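Across the two complexes that follow, chain A remains constant while its partner is chain B and subsequently chain C.
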Partner chain A sequence: MPDLNAIRTEAKRLLAEGVVDVVVAFKAGETPLHPQPAFFRSADEVDQLVYDGLCQNNLATFLTRVPKQSKVGMVVRGCENRSVNALVVEKQKNRADLFLIGVPCEGILDWQKIVGEVGETVKSVKENGQNLMIETKAGYQLLERHDFLHESCKRCIHPNPMSADILIGEALQEGDPNLARTAVETFEDQTIEDRYAWFQKEAERCIRCYACRQACPMCYCEECFVDHIEPRWSESGATPAGMQGWHIVRAFHQTGRCTSCGACERACPMDIKMTYLTEKLNHDMREKYNFEPGLDAQTQPPFAAVTLDDKNRFSV
Partner chain B sequence: MPEKPKIALFQCRWCLYAPADQEWVDTQLPENIHLTKTPCTGRINPLYVLNAVQGGADGVMISGCLPEQCHFKTGNMAARRQLEEFNDFLDYIGYDKQRVRFVWLDLQDRGIIQKQLAAFEQELDDLGPASNLVTRVKVAEGGQNA
Partner chain C sequence: MNLILEKQALQDLLQSWRQNYDVYLPQKLERFSHFMPLTETSVLVTDEPHNTRIPPKSLFLPMTEALVKFTRYGGYEDARHEIQPRIVFGIRPCDAQAVQLLDTSFIQDEYTDPLWLERREKTITIGLGCHEPCLNGFCTTVGYGPFNKADLDAILTDMGDVYLVETFSQAGDACFQGLPVAAEETYQEALAVQHSAHDQMPVAFETENLKEKLEQNFKNNYWDEVSQSCLGCGVCTFLCPTCFCFDIVDETQRRERVRNWDSCMFRTYSLEASGHNPRPSRVERTRQRISHKFVYWLDQVNQIGCTGCGRCVRYCPVGLDIRSMLRQAHSLPFEVSHAI
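What follows is the complex of A and B.
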């Protein structure tokens, strides 16, 4: 875990020296399992800043929701840094207006897994290397950290922020790209009926709350396709066609843009699995175009970078 | 007589066909084929394809121009990238890949659209009617888009 004091010192310096107008980070939430995103606008507020493995949101989401001219400081992990890069590519923010405080990420903890293991009376969670020390009403419990990681974090390839302005803590070892590949290939190896059955089972629990959309840094459209009245692109009720259509098109709009942070899945109140959809699209982008979203702040995603050279790529 | 497979045909209005062929498409298209003309294949939003699929099309055919013959220079290239990926994606979640067909047609090639449609119809016949992802409630059953 990176040193919290070092993060606070840096955030204080940024605000005190006027480098940025606001620092986006986390503060303690109502329970120890839910730190919440917070905006720090002056140096004395920064003492409330926290950072631990339970910080679930992808903070890059807020980049498109602060005034466009404002200078923003942000505590970023690997996935958040990639999301910021992808947003800079799409001209949602000037990179010069950003100051990124990078922290290498050891993976986000899934609070639901923790609650499932120890019950709901969690008083505090201490992370110590590869262990978790959970204090509950009943007493202390020692858990293995890796078992409680979020699924998309287990498959993470780039835990280190690659273009942060300052890196706090030691850079970690890069993840294994094969894990993401095998996840997709295992799903593909099932029969088509099994795949559809799985998709149906997941998609049709949806209650159309759009928490996945709100949690996603790349979903920043002023008006989403499901909110259109005329023409109505897809059914907006919780009908089978509407629910399936939402899941298909939400995922497809992330092609070449999704940074696999898994914020959509963490936000879902119905515990619907959905990263398997975007993983497939990311997998295809890697295989077909050798492209990974967010690795730098210049390269356009494949769907935007169409040229006439493409004619050699396809058979007629 | 068994019902013929339903096909949604998306046609780019620039690419197609010799005048006689275009006339055939415009006036004599069989009833099981539903024609949608678009300004360019690049205009075909994946949502169009999805709506056709959900609405019960057994197959979707997208006809566009050859490379370098696009009226808008790279519209067909963009469409290929997007729609082929969309097709792969639909296959991943259970809509057979063979049910979406792309044909990139040469203006000179007379009668090709009839041949392509006939071949596609034959293949769809062998596959049988689509059932996966066909979820839209029919208007007749009281489902004017919920």
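What follows is the complex of A and C.
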């Protein structure tokens, strides 16, 4: 875990010296399991800043929600840094207006897995290397950290922020690229009928609350396709067609843009698996175009890039 | 009537109800429990230390339902299905209370919703009190409690090997016909369990003058602060047992007019045909959600429109907690209004 004091010191400096107008990070929530995204606008507020493995949101999602001219500091992990890069590529923010405080990420903890193991009365969670020390009403319990990670974090390839303005803590070893395929493989190894049954089972649990969309930094459209009324582009209700349509089109809109952060699955109140779809698209992007979203802040995603000498005619 | 039900006998009793009723009870679905129809192989979930994820309001107001089916040449026909008599078993007191609150909206003389009314009339609700109150809930703070009895035909109190069953209606009596009557002593023990559960719940926030504070601070920066990290998703409202907003949409390809759950947290919720939106940002939308529950419900039916089930607290993806939002509201300035 990176040194919290070092993060605070840097955040304070940015605000005190006027480098940024706001620092986007986390603050403690009502319980240790739910830290909240927070916006610090002056140095003396920064003592409330926290950072731990339970900070489950992708903060880059707030980048398109602060005034466009404002200068923003942000605590970023590997995935958040990639999301910021992808947003800069899509001209949602000038990189010059950003100051990224990078922290190498050991993976985000799944609070539901924790309470499933130790019960509801969690008083504190201490992270110590590969261990978790959980304090509950019944006493202390030592857990293996890795077992309580979110699935998307277990297969993370790039835990380190690659283009932060300052890195706090030691860079971690890069993840195994073969692991990135695990979600896709479990899906692809099945017969076509089983795949459809899986997709139906996942998609049709949906309640159309759009937490996945709202949690996703890349879903910043002013008007989402499901909200369009004239003409209506998708079925509105919680019907099989409506729910399947939402999940498949949402995934397709992420082609070459999804940074595999898993914020969609973490936000979903119905535990719907979604990353097997986006990971498949990411895999195809790597395989066919040698492209990974967000690795830098310049390269256009293959499906967004247009050149005048394109061999293929642009057609709709 | 106060009766004794052996826990071992519960499964047979539930199955026996299936002869005359569709029975719904909480069962495991993925990592949570969900009200689903009882089958021969159903396993009832009673040991979860919290509520079902989707509130049982969905049994009375489904997420999506067809109201009207259009026929050729401008005609239409009723798309409703007939509903069988039902028993909802294992409903928690907060959720039962919520259904009663929703009656005040859906059952109003000439504005009564026939779909809601039919489902209500054909449903027997049997509650399961919370002898170990959940940590996210705050039912006592908003005036209800872990053994709140409103709108229940019967309620069960867990007493180890047995349940004490209290029945409050003829329908409730009929469900538990033939069970032995509880001794006065056992009933007193059950009351002790109920009181202890009630006493275990801390006061989550002050409700005195809360309405006035929220009302008088309609334009306070407080709303900017508490809505800052809101993602604008529908988790809090869709999982809320008292949120009942819906949207009516013509699904032209299916030739149906449908009613879907809607959420005041959505951009499209108050978007007008002109393009103007009187609630243009998350600030106004958050204010609406909180004010509806803690101001407007009070204006309309003199009851707080929140039963303290704690779902919005537990499942908010950014950890926004209505309890701390309302604790913060406690320090808002206000003047006592003296009605003449």
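Here is the rule we use: the second predicted complex is superposed on the first by the 302 of 316 C-alpha atoms of A that agree within 3 Å, B and C clash if a C-alpha of one lies under 4 Å from a C-alpha of the other, contacts with A are read in each partner's own complex, and residues count from 1 in each chain.
In this section, a contact is a pair of C-beta atoms (placed from the backbone, for glycine too) under 8 Å apart; a residue touches a chain by one contact, two chains touch by 3 or more.
This structure is a prediction, so every number in the text was calculated from the model and none was measured.
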Given the touch rule stated above, what does A:Glu193 touch, chain B (first), chain C (second), both, or neither? first
Considering only touches as defined above, state whether A:Ile207 meets chain B (first), chain C (second), both or neither. second
Once chain A of both complexes is superposed, is A:Lys123 in touch with chain B (first), chain C (second), both, or neither? neither
Which of the two partners, first being chain B and second being chain C, lies in contact with A:Asn57: first, second, both, or neither? second
So in the superposed three-chain picture, is A:Lys280 touching just chain B, just chain C, both, or none of them (first/second/both/neither)? first
Please indicate which partner A:Lys68 is in contact with in the superposed arrangement: first for chain B, second for chain C, both, or neither. neither
Per the contact definition in the header, classify A:Ser236: touching chain B only (first), chain C only (second), both, or neither. both
Would you check which partner chain A:Ala267 touches, where first means chain B only, second means chain C only, and both and neither mean what they say? second
Contact residues common to both interfaces of chain A (with chain B and with chain C): 232, 235-237, 239, 242
What part of chain C is in contact with chain A in the complex they form? 29-32, 49-50, 53-54, 63-64, 134-135, 228-229, 231-235, 238-239, 247, 249, 251-254, 258, 260-261, 263, 266-268, 313, 315-321, 323-324
Applying the document's contact rule, which stretches of chain A touch chain B when the two form their complex? 187-188, 192-193, 195-197, 199-200, 225, 232-237, 239-242, 244-245, 248-249, 251-252, 255, 277, 280-281, 284, 288, 302-303, 306-308, 310-311, 314, 316
Quick one: which bits of chain A touch chain C in the complex? Just the residue numbers, please. 29-31, 34-39, 56-57, 61-62, 112, 116, 119-121, 205, 207-211, 213-215, 223, 227, 229, 232, 235-239, 242, 266-267, 269-271
Within the complex, chain A is touched by chain B residues 46-47, 50-51, 54, 66-68, 73-74, 77-78, 80-82, 84-86, 88-96, 104, 132-133, 135-137, 143, 145-146
